[in-house]
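Pasting a structure below so you can have a look.
The letters A, B and C name the chains in turn, as written, and every chain counts its residues from 1.
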Amino acid sequence: MSANSWIHFFLPKDRVFYQLFEQVSDNLQKMGETLKEAVITSSSERQRELVKMIEDQEHTNDDLTHRVFLELGQNFITPFDREDIHYLASALDDVADYIHGSAKRLIMYRIQPTDEYICKLADIIYKAILELKKAILELRNMKNLRNITNACVIINSLENHADDVYDTAVTNLFALEQDPIKIIKMREIYQTLETATDKCEDAANVIESIIVKYA
Amino acid sequence: MSANSWIHFFLPKDRVFYQLFEQVSDNLQKMGETLKEAVITSSSERQRELVKMIEDQEHTNDDLTHRVFLELGQNFITPFDREDIHYLASALDDVADYIHGSAKRLIMYRIQPTDEYICKLADIIYKAILELKKAILELRNMKNLRNITNACVIINSLENHADDVYDTAVTNLFALEQDPIKIIKMREIYQTLETATDKCEDAANVIESIIVKYA
Amino acid sequence: MSANSWIHFFLPKDRVFYQLFEQVSDNLQKMGETLKEAVITSSSERQRELVKMIEDQEHTNDDLTHRVFLELGQNFITPFDREDIHYLASALDDVADYIHGSAKRLIMYRIQPTDEYICKLADIIYKAILELKKAILELRNMKNLRNITNACVIINSLENHADDVYDTAVTNLFALEQDPIKIIKMREIYQTLETATDKCEDAANVIESIIVKYA
């Protein structure tokens, strides 16, 4: 039984971090679902509704992240290294920011839906979030480290896949699109979506560095 | 009286960090003032002068940031957590970099002055810097934590305001501007200015996490 | 003899970090060399080969970075502060990512070679990597701190030079190029190359903060 497990036993107080990270991952799952619908809906009214929902979900995420930092300041004992909690909360907050940024651009740039690459990237983001959620749930008991490692490995391969989708999307965009303004808009959306998957990978890397210390 | 206050009592040496951060915030205030003038002046000669001033101010900031890191290496005792000092210095350095980056682009892209949104963003940056300065001055005695929290809250709402200004600016830019090259230039300036406010918020978040540990 | 030197004496195990950082710097040197050839070759087949090589080298770098993080989790004793090892590995990984990103864009954007500014930036990146390698080799014995400081100073001035090259390149691009799509592509390549030098400077700053603690 590791020192940290003893800490859990004596100081349930620090469990607040698990609760907060679980709430963050639940909220991220909602954001991913909403984004997936926002990129395929053919109704611009519905798209506006969905982007508004994502905006509210992003504010929820800000509040949760803020609470993690406050708890970090108030708790002398933490379930794992302070800087890992800080890094993880920041990475998950970045995921929410880039999902929100992508969604906003759908409206700002009046992107017609069902662009093949936008849909693929939104789908990859959602899959990566589901794996993050699995890994975060396992952090609470640290019993199935294998499950956590698997989730992190899957997130890494999803991020590589997103890179390939992005490269193909941008290559085709420059090869086929004549309108430079359209190119500017689409490239920026592809980039924002792809960065969201980078941030999922950052979060996965923090989680991996956390569990390595328990091995 | 907290452990840290005792440290102050016995080791004035660590006060160097307060002095350095105060010098950084004074210098940032100058940069914010110079930027505000640079975005409204109708004389391109004057604009060049002002951008040159900002360049020099940015070098001053680099030197101060460098000194913070050197002191961090040499002082075993620090007034607050080493990583917080590191984060704060980096965030304030980023504010200076993005102000400098915005100013440079005014010249590089021959932006005619008095663009409504550029002026609004420069004004928000300046206001955020004034709040950062208030908060940093209070760090020295930690007597008025309320003032620090208030400053951080104001900086957060200024950053939200900057986001809205940016979104309106870019939406209008794409709706009204026909020239793609003009769009590329203006969007990049808006983005660089908006990022400067993000960095102010990062600095505010570090300050908040510092004072939480004193509460 | 510092506490750390004793640690080395008793725990050669921690030497793994020196080995890993030296392998990273060797791999970065290869990437820099390959990039330099990729930006001047007039054969598009050869360019594709070279970019493929950079892609493989980037994967090698990912594996080495990953190993650093794993060792960081498993070693209670480290040759220098854990967060410095984390920062240094991340900064060096970013250098590799931006070299790879620049190389990929040569293909994606069908950039004809021998653009004066691209070649200059690739050359600066290579020079900065050579200095990083010098500094990293010296970390092992910490005997010649002066050499490390000199390398870091040179890297800082190389980064300043890259900034100037970037500014000139972008100013000329907007002044001379009529095609907005060409502008988008070239500006992005310049930016990616310039960011690679920023990341070299980040790595140099971490190294400097490490040795300051030994002074």
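The rule we apply is simple: a residue touches a chain if its C-beta (ideal position, glycine included) is under 8 Å from a C-beta of that chain, and two chains touch if they have at least 3 such contacts.
Owing to the predicted nature of the structure, the values given are computational and were not obtained by experimental measurement.
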Cα superposition of chain B onto chain C: how big is the rotation, rounded to the nearest 5°? 120
Under the over-half criterion for shared residue numbers, do copies chain A and chain C use the same patch or different patches to meet? different
Whole-angstrom distance, CA centroid of chain A to CA centroid of chain C, is 27
Would you give the residues of chain B that are in contact with at least 2 other chains, written as numbers and ranges? 83, 180, 184
Chain A contacts chain C in the complex at 83, 167, 170-171, 174, 180, 183-184, 187, 205, 208-209, 212-213, 215
Help me check something: in the complex, which residues belonging to chain A touch chain B? 69-70, 72-74, 83, 104, 108-109, 180-181, 184-185
